[in-house]
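Going in written order, the chains are labelled A, B, C and D, and every chain counts its residues from 1.
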């Protein structure tokens, strides 16, 4: 029964991780931009939701919409005012990383100054577990986050596979010229990538606000998880990132079954290491030796 | 010219990418001391063949030998150390290094903190560097960074690099494209001179004028298959091959 | 006053060693590591333990730290350098987090989060180097030696090979360079030199715990290198000076509410990083941004 | 050219920075607190409380010159703490420094010891802080003290026999573990489980599953900072309904407001703001300043500054200079202080013996005292 409980916990956390990582993976896969500030989009939208829903008692659909808009605008601004100017020079991996990290630092401290530096949670009966069978507790939010994750991935897959702009996004990483053939401006497509990639982080942020809670420094952990899930799933593969996030969430929780709790966080990185050594292409990635 | 001993031999090699046969049962040989050109329409498998020859990819089937020894499955740096040098269509210069550094590093393949061989080896390397710089007329640009060179100078730098590396077999991927007339003549004379010194060259080229003026022997590929191999006159005057070649052009 | 300046100078010196050694792989070999603080930590723990248990000389303690750090760096480099750059970043991140867990859980050796207290002053050939001025001298001497060593390496064939790999890995291997071995060796050199900084840090603070070797520290070292200028000898030193002095300088800005000083510092610090990357991506000491434009294939 | 300018700017930076400090006609004391990063919530509380004490000292003209508080950001890291400490010691030249955080305190203690500057901790409760030398004082009862009071109450008086401990893997958590291993059986209870967590852990759903398996009567949480909030919320969310108990780490405003924390018991040094006029004054001003109710930390940092005020007043009366050494001598001569929360006496090793109270979180800010 403990195993089953841990498995359910893992599914819930995995769904949240998957929702978090998929945006990072989409952005990294399409634009090759190592968007470390992805965690900031997470933090911003989470805090906006918390502020509206918990402090101002705004109904949840409006608060969610506001969070989505905030995340999307943040992504758009990042692309327009940070990454694009940098890429006009040589878009070195390092420069992008540092600039994004600087943004992360600004956002983290801004949130601390504005919203306070403690932990904030959105109180909701949804996060309260009920005993469904003897010894197995499941919160409604576990089911909700899994369903939302499935819906988001289905929608994203449909979008990337079937729509004009979605296909252009996938083509962007391979060949920007191909995007031009579509009659689209690669810069404009990159903006869309950031908008979509940042907006999909919102459900993960809201569920985190309802379960584990938010603090201004939450972005760092989000970045770590996103990166690990992206590698485990295979760079450039959206469903890979989703599977990777799910695997990490499960691994982190199942670790409690046999290991002392203090090692559960390390399990994430052991999984990451194992993939790098034995299967660097991840679940769904293309073969990757030196280019 | 038919060339001397067989330097390089590929037998029955095939390579498939996702269902598409990029190279399909190709056998051919490069003989020492001549210029062999690989011709064929886009997607004929020329670059794939190059990559198989340098160890950048391992063919699904077939054998590849250099100087009679199998180089199948060797990593490309090992193939390079055996004496197979190559240039790239996009040159792949070390852009933030100076011309001198670009050429110097081509002579240093040792992985240790210093190069083996002591003073005499060093003198020999210096001589190779100077010869390469002189032949490509880059002596006076030696302290310029590769990014700051003109297009033609960059092309010559890639030649200087392979020259200094001391490779016996040069695989050149469209080395002459985009060169103006005088640069092209200079390039040709450098090549001829090297061949005279005993270097064997294999070129991928699109431009038939260039193919004509440079080749001692031509191998014609299409859709992963070697259609014909022979002296330039025979191949270039074959109407069937011309149809394939120009047919692709028209499409 | 002087004590304060000396203490800052020592810490700047230690951080400069970290920045210079990271730059060796980041700036010259194009290897982006997020685990530099771990090698700093290995150096610090090794030196501290040897000094506490056996009263080891500074040179012995440091050499042991370098050796151990080098060996552990192989564990990172050997699997991870076979694959593309992003994977090394991820692997180094994995090492950073794993090693940190080990630092905090292997309590019998590292003291866990409680750390190691009462590390004796450094002894160099039998002399106590507890006086801050002397210790500053020792720190600067180490920094100078490392700078000289790295300068020599960069100008050697090894350095040229690394730069070639940084600029184009495929071309480098087509010229017969064993990319994996060269990179591994570069990581080895960089990690062992970073351990020297760890040893100095342990002897200077006489207290170390896991909090000095966290991810944020690794990122801060990267910031020093990038702000100063990658691939230059002195850039990282300048970067270390700026990164350590700037927050302290900001405390002199008047009218800041004391409770917000920290946050505002961090925000200005973040903003500086962003602006620098947009307007001068090669760093303050690097080549001007104009010459870098539009070159690389 | 650009490089020359950079070099000049860096040089100017160094010079400007060195010449930044100037002597003023005040008595300065230092505060080396986490003002940025994830732990800044506490730094904010500490510095506000200290500020109130400074205001009181100056308003009451306790000393010949006004007292000024120089706040430095320790960033809650050892290196940051040492830099700040050196600045306070040798640039601002303070005789007395407020400290927080165990690791920071350990790193700065040697600096203070060498310079003979007093460091006083009012936030960290790790028991190893008692061993940092003569110049390191603690104005907060260390955690072993608190746990020794709580366990008999929980086990004997409330009859909650089976205890599970969730503890963070640092000296603080380990010392609680040690105390519980001793005290729980002594009180007639049983320590049925010990779950160690890492400081960075944020997910506790599976810990909760383990706790449920162990079927305890009460759960002792030995962590600090925002992690305590996360543990409480996630235990409650995941079906753990038993009594939660902890030490003074639960006395933060965000826990007071956390609905899941309602009903939890915690120990804290007796910081009863209501019994004395002094306490009421402090509580009122803190509420005005921050909009939140004062907690034990407010009392501790207020007291830390007050201890300085009282000692300095005595030294001035005796015509002695105010230095770290004289402060230490004076504290040893007169170790008892009338502070917020009542009389407090410093022991020879620099720790304080103060009455400990047990409070219950009732969702109304400071909570109610139950013992």
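One rule holds in what follows: a residue touches a chain if its C-beta (ideal position, glycine included) is under 8 Å from a C-beta of that chain, and two chains touch if they have at least 3 such contacts.
The structure presented is a predicted model; accordingly, all values stated were derived computationally and were not measured.
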{"item": "Chain labels contacting chain C and also chain D", "value": "A"}
{"item": "Most remote chain, CA-based centroid, reference being chain D", "value": "B"}
{"item": "Chain whose Cα mean lies nearest the overall Cα mean", "value": "C"}
{"item": "More contacts between chains, A-C or B-C", "value": "A-C"}
{"item": "Length of the line joining the C-alpha centres of chain B and chain C, rounded to whole Å", "value": "42"}
{"item": "Interchain centroid distance [CA atoms averaged], chain A/chain C, Å", "value": "30"}
{"item": "Between chain A and chain D, centroid-to-centroid distance (C-alpha), Å", "value": "36"}
{"item": "Whole-Å gap separating chain A and chain B, where each centre is the average of the chain's CA atoms", "value": "46"}
{"item": "Residue list for chain B, restricted to those that touch at least two other chains", "value": "none"}
{"item": "Residue list for chain C, restricted to those that touch at least two other chains", "value": "101, 105, 170, 173, 179, 260, 262-263, 266, 292, 295-296"}
{"item": "Multi-chain contact residues (two or more partners), chain D", "value": "36-37, 40, 44, 169, 198"}
{"item": "All chain pairs that touch each other", "value": "A-C, A-D, B-C, C-D"}
{"item": "Touching residues on chain D, where the partner in the complex is chain A", "value": "36-41, 44, 169, 195-198, 200-210, 212-213, 226, 229-230, 233-234, 236-239, 252-254, 258-259"}
{"item": "Residues of chain A defined as touching chain C within the complex", "value": "34, 82, 85-86, 89-90, 92-99, 101-106, 108-110, 112-113, 220, 224, 227-228, 231, 235, 262-263, 265-266, 268-270, 272-273, 276-277, 280, 288-291"}
{"item": "Complex contacts: residues of chain C adjacent to chain B", "value": "153, 156-158, 160-161, 163-164, 166-168, 170-179, 181-182, 185, 231, 291-292, 294-297"}
{"item": "Chain A contact footprint on chain C (complex, rising order)", "value": "26, 32, 79-80, 82-87, 89-91, 93-95, 97-98, 101, 105, 169-170, 173, 179, 215, 219, 222-223, 226-227, 230, 260, 262-264, 266-267, 269-274, 276-278, 281, 289, 292-293, 295-296"}
{"item": "Residues of chain D that touch chain C when the two form their complex", "value": "2-3, 6-7, 10, 13-14, 16-18, 20-21, 34-37, 40, 43-44, 47-48, 51, 69, 71-73, 75-79, 82-83, 86-87, 89-91, 102-103, 106-107, 109-111, 115, 126, 128, 169-171, 174, 198-199"}
